Amino acid sequence: MNLLFTEEERDFRAEVRDWLESHRPPGIRPLDGRGMADYDIAWQRTQFEGGWAGIAWPVEYGGRGLTTVQQLIWHEEYAKAHAPEIGVCFVGLNHGGPTLIMNATDEQKRKHLPAILRGDQVWCQGFSEPGAGSDLASLRTQGRVEGDNIIVNGQKIWTSWAQWADYQELLVRTEPGSQRHAGLSWLVCDMKSPGITVRPITTMAGVAEFCEVFYDDVAIPLSNVVGGVGNGWRVAMSTLSFERGPGFMAEQMEAARLVEELIETAHTVRAPDGKRPAIQDDGIARTLGELRAEVTALRSMALAGISRADRTGTPGAEASILRLFLGEVVQKLYRAAMEIIGDESLVLSGWGQGWTRPYLHSFAYSMGGGTSEIQRNIIAERVLGLPRAR
Amino acid sequence: MNLLFTEEERDFRAEVRDWLESHRPPGIRPLDGRGMADYDIAWQRTQFEGGWAGIAWPVEYGGRGLTTVQQLIWHEEYAKAHAPEIGVCFVGLNHGGPTLIMNATDEQKRKHLPAILRGDQVWCQGFSEPGAGSDLASLRTQGRVEGDNIIVNGQKIWTSWAQWADYQELLVRTEPGSQRHAGLSWLVCDMKSPGITVRPITTMAGVAEFCEVFYDDVAIPLSNVVGGVGNGWRVAMSTLSFERGPGFMAEQMEAARLVEELIETAHTVRAPDGKRPAIQDDGIARTLGELRAEVTALRSMALAGISRADRTGTPGAEASILRLFLGEVVQKLYRAAMEIIGDESLVLSGWGQGWTRPYLHSFAYSMGGGTSEIQRNIIAERVLGLPRAR
Amino acid sequence: MDLLPSADQEALLAGAREFLVTALPVDASRWRDRDAVEARALKEFASLGWYGVGLPEPAGGLGLGAAEEALLLAEAGKYLAPIGLLAGMLAARVAWSTGLQDVASTILTGECRVGLVIPAQSGNVQLIDATASEQVVVLDSSTLCLASCSAFHDREPQPSLDQGVTLERASQIIPQVRPCESSGATLYLHAVVLVCALMVGLSEAVMEVAVAHAKQRQQFGQSIGVFQAVKHPLADMAVRAEAARFQTMMAALSIADARPDASFQTHAAAVIAGRAATANAHAAVQIFGAMGYTQECVVHHFVKRAVLLNRIIDGRLKQIDFLIAEKPSL
Amino acid sequence: MDLLPSADQEALLAGAREFLVTALPVDASRWRDRDAVEARALKEFASLGWYGVGLPEPAGGLGLGAAEEALLLAEAGKYLAPIGLLAGMLAARVAWSTGLQDVASTILTGECRVGLVIPAQSGNVQLIDATASEQVVVLDSSTLCLASCSAFHDREPQPSLDQGVTLERASQIIPQVRPCESSGATLYLHAVVLVCALMVGLSEAVMEVAVAHAKQRQQFGQSIGVFQAVKHPLADMAVRAEAARFQTMMAALSIADARPDASFQTHAAAVIAGRAATANAHAAVQIFGAMGYTQECVVHHFVKRAVLLNRIIDGRLKQIDFLIAEKPSL
């Protein structure tokens, strides 16, 4: 156990810091619309040109091939530099791309991997369905093999930023009548294919982030199947071990920053008695103190997760512990904020500003990447070894 | 809707208050041992002689036959007078007796009901088993019919005060190989029968309240079967509607009294900063304020429950809401107390005194009469109409 | 002693329900055309006599009391009734209690629409649904008063978290009608209990929506309502809703009877109902999963309204502080 | 950067586990004969070098640091190790840092048994497990010091909530050995982190006991561990235990490296580990149901020890207050 970084790691940190300082895009990232997508793509291109695209991808595929600790350093410096979130490029870099690296043919790789790194291809995910949310294996979107094509009919939902995506990693049932995990295929779906309709869904916080995607006889070439027809489940799950342990650090740092910001806010707004700053109210101060302890613990847990991933090559089911705890802390933070800010709680704050719009956004923390209930099941069954329900 | 009592009810309240004032036993009730049982029995006899035994029992069986609102008044005045808890007489008066009233033969009634009212018969319950806690229907203690007797073999657990009981309401499986609710019988078991062994179990708080009861070829006359062989489940459940809606008020009043006592304590002990009384710490004050709101709401809910019982004749599944909420409030109260009292939290307080021994006792609130988990199931299924798990 | 509605009260409620379900549906049709739907409903509340439910008959009221007001507003709260209903009831009472019979009449008949004003930081106030109103009722913990909307000359619109109301900020004005202090305190309690009633309805309605979803939604081959991770939070919602309802009714009855513990009971109701509204709305989002996080699901309106209603009574923390300052009611 | 034990540390832990499991079983045999079992274990800790784990080799220690101490005490915490172990480690450190090499030696060899003294109300102190001790270490947030047991002349035994320790009350004495203030503050943090380590072990062990029960206990025809009402509280216990462990290790490393944020990290650890100990013990009682409420089930010892350990560091509320007074560590 130690908290020390090697000299090489310290040098690397300096390099990252210098580069981010001089290349971080100016201005505020739009939080919706075409402008947001363009902003994200431009920033991805800048990173590509600086040699920072695909920091976790193997060098042979154009990535930077950083060690886990280097990735941690990257994310720490990234957060400190207030570099923008990865946005629409997330799926390509962190899920679609890695899946191709592990499962695709050389030709498929050549077509997509460099383009993803350059920001030329924006990807989205196509897994969840209206009837298959937490229970992914019950998906029903059909792919019928006809000649050289798979003809897709059905519907996906919760596809983030489908309206700005060029490609989709699409999981469909290609074996009629198959059950659960069997008979699925993983396809590269060109979002410009005829028969695709994208309908954005507005969140509670007013962002058109999620989409429904409808498929009406969409023809996808058989050559776009990755990992073979019928192997979709295995392909989709293969990237679980690629889940971003070090990437979590960026989220932890954001939460820690927010706690400090709320403490500062509590110095400026009035306590419930109207007579003193809120921070002088022992109850409010204590809520903030607990939050401070919790985000601090989150950092220690994230570092432990990185140490674990470094040894085993995968973050393991313990990643669910981090995710569950982060969601609880962030929701508690915003709920405390709503009580602390008083009358400001009635005013919807601007994009990425203030407390109220982020409060609304924070409901997503117990939904995304598996609900909190699913995370608890995973922790109980895979970390603690409790039996699954029949 | 109104909060008014009728003139008759107000007169009745005065009568109750006067009687309790002059008859309430002096001194502190022992919390364990033979002395406790004797104390409880003597107090029961006093109430019997004053005409207050079996306040909810029909007059034809020697009870007082009070209306629901009169029972409420009785329990309110009882709590205000700090009259002692019912103790070892509880099962006879509130479960065994009422079951006999609803199901027994005239002879069985004659033998037991007057004796229960007079305090001459102490009863205990014999339902739970080591393998059948929350899942009562899976009980396995066997009763084999042999001639005029049922020969009982097996084991019961969580029998309160079995060591002081004369009789037990005993639920056994009399039909070999029967499943779940079928094939059970409800027997009057004389606790002095040969073959019975009672082993008290000491609680976390140091009281030998619960017992294991072992049955080794215990012969119980067939004439002691109540409601017919094989009808035990129906008989045991028949008293659900007798559950003490108004009796809940005594528990609420006790909780309310404790909150005020804790507020007083917070005026005398130091806050965590060591500089002022704990009550001046806004965080502590707010915890106490919430508790005050909660016990106040409990009273309103209890009154509503009485109004409901008055109309329908049964408190309904909503009684589980009261029970669950009371348990949460009481546990929260004692956990807050442990933080407020500081170094006193290390000292085990005397019987029925201080905060630490009652803190330990408070763990029972989410166990007794069905765990909190079972209460939530009942609320979800019977109040909200959610489906049962298969 | 009876904490459940009497037969008369049940009849009143049945009529209210029948009206509310068609007049103020909590679905897309409502939000598409909120201004018109709510303006119409606010007029109709007048013809049903709601603004004067608690006022004596000679004053043009129905001659009932705080208990009936609370019962009705708990129903209205289920439909996220426009704030103008609450404001109108309070304004009519303020006008009547200060002898402004003509103002009271225009409110009772629905001619005069009323918004709500609450204090904000740095000597400002927030105006809620005052844009289409002539009068506002100013609600703070020391007094209630009526004011003309035109008295606020520097109104600035603000984006409202709750899409079901308009929000403005303005400088504090000297109230033009100030009831005497003692009735001011009573009026404040009256206002708090009516807000509690709205929160009771909210807590119950959002629970019912979540229960219906839990029964109908299938996952892993069965209705999600069989899973304890769904069932138990719903049971907790039922506990909170039941506590909120009966504590609020207790407070309303205490106010109606001018009992000495009316203040204690009312602040307790505010603490309990305030939490029930917020916590039930939050829990319902989780039951709906990702869908609960979108504007296509009705639940977000409940989340936002819970914030608004808690704020109207100055926040839950303040209500707890009021309560701990009270003498106990044992 | 590595927050998991190194190979050397794992070897140290393996040895510790092997010793603890036989020396300090957490079952009936332990409590039947606690005095003898624990006296023996306290001697053996000396021969294993535990009291001097963190002291330099020339001082008779093992030359390791706060990290190894924390790792070992987290193991010992699983077995509800006698308070004399903690007190001995702290006393040896105080003695060494104040130049009392001879006192340090008697502690390291196990000749001198040490109890713990913490401040109580009205100028009193509480003595924990001092009845069979010669020395005590006095722990309060401004300083740590050593004192002879005989210095407390008005000791009065008190019934201890935690049946695993003896408790006495006495008047405050002027400490006989007072380290300089600055090292006092550092020593206090050191003490806090060691108590956190004990709470880490407690949180983990009580969770393991509950997990084992949930797997084995059958109800409604299946292991109760399949029910989400059992499974999800256990998952929450795992979250709390993981948070407690790694925040405590972070704090221990910060102290070992004398980092500027050592104080911040330590108070954060106290808040997190304190809650984990209490909440996990409470949750475990519930998993066991009625059996968890009896003294026949091991869990009550964990409940009571969680109270004691939180108290030794002056209560969780005080630790939160320390933390909020700190400069942030981002």
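Residue numbering begins at 1 within each chain, and the chains themselves are lettered A, B, C and D in the order written.
Keep in mind that, in the parts below, contacts are C-beta pairs under 8 Å (C-beta built on N, C-alpha and C of every residue); 3 or more make two chains touch, one makes a residue touch a chain.
This is a predicted model, so every value here is computed, not measured.
A.B. asks: Which chain maximises the distance between its CA centroid and that of chain B?
C.D. replies: Centroid comparison gives A as the farthest chain from chain B.
A.B. asks: In terms of C-beta pairs in contact, which of B-C and B-D ranks higher?
C.D. replies: B-C
A.B. asks: Where the CA atoms of chain A average out and where those of chain C average out, how many Å apart are those spots?
C.D. replies: Roughly 39 Å, centre to centre.
A.B. asks: Spell out, as numbers or ranges, the residues of chain C touching 2 or more other chains.
C.D. replies: 227-230, 232, 317, 321
A.B. asks: Could you list which residues of chain A touch at least two other chains?
C.D. replies: Only 281-286, 373, 376 qualify.
A.B. asks: For chain A, which residues are in contact with chain C within the complex?
C.D. replies: 128, 131, 133-135, 138, 157-158, 201-204, 206, 210, 269-270, 272-273, 281, 283-284, 335, 338-339, 342-348, 356, 360, 363-364, 366-368, 371-373, 376
A.B. asks: Touching residues of chain C toward chain D in the complex: what are they?
C.D. replies: Its residues touching chain D are 227-229, 232.
A.B. asks: Help me check something: in the complex, which residues belonging to chain D touch chain A?
C.D. replies: 1-6, 9, 67, 71, 207, 211, 214-215, 222-223, 225-228, 230-232, 234-236, 238-239, 242-247, 249-250, 253-254, 257, 259, 264-265, 267-269, 271-272, 317, 320-321, 323-324, 328-330
A.B. asks: Which residues of chain C touch chain A once you look at their complex with the stated criterion?
C.D. replies: Spelled out, the residues of chain C in touch with chain A are 118-121, 124, 126, 128, 158-162, 167, 218-221, 227, 229-230, 278, 282, 285-286, 289-290, 292-296, 300, 303-304, 307-308, 311, 314-318, 321.
A.B. asks: How about chain B: which of its residues touch chain A in the complex?
C.D. replies: Answer in residue numbers: 271, 281-286.
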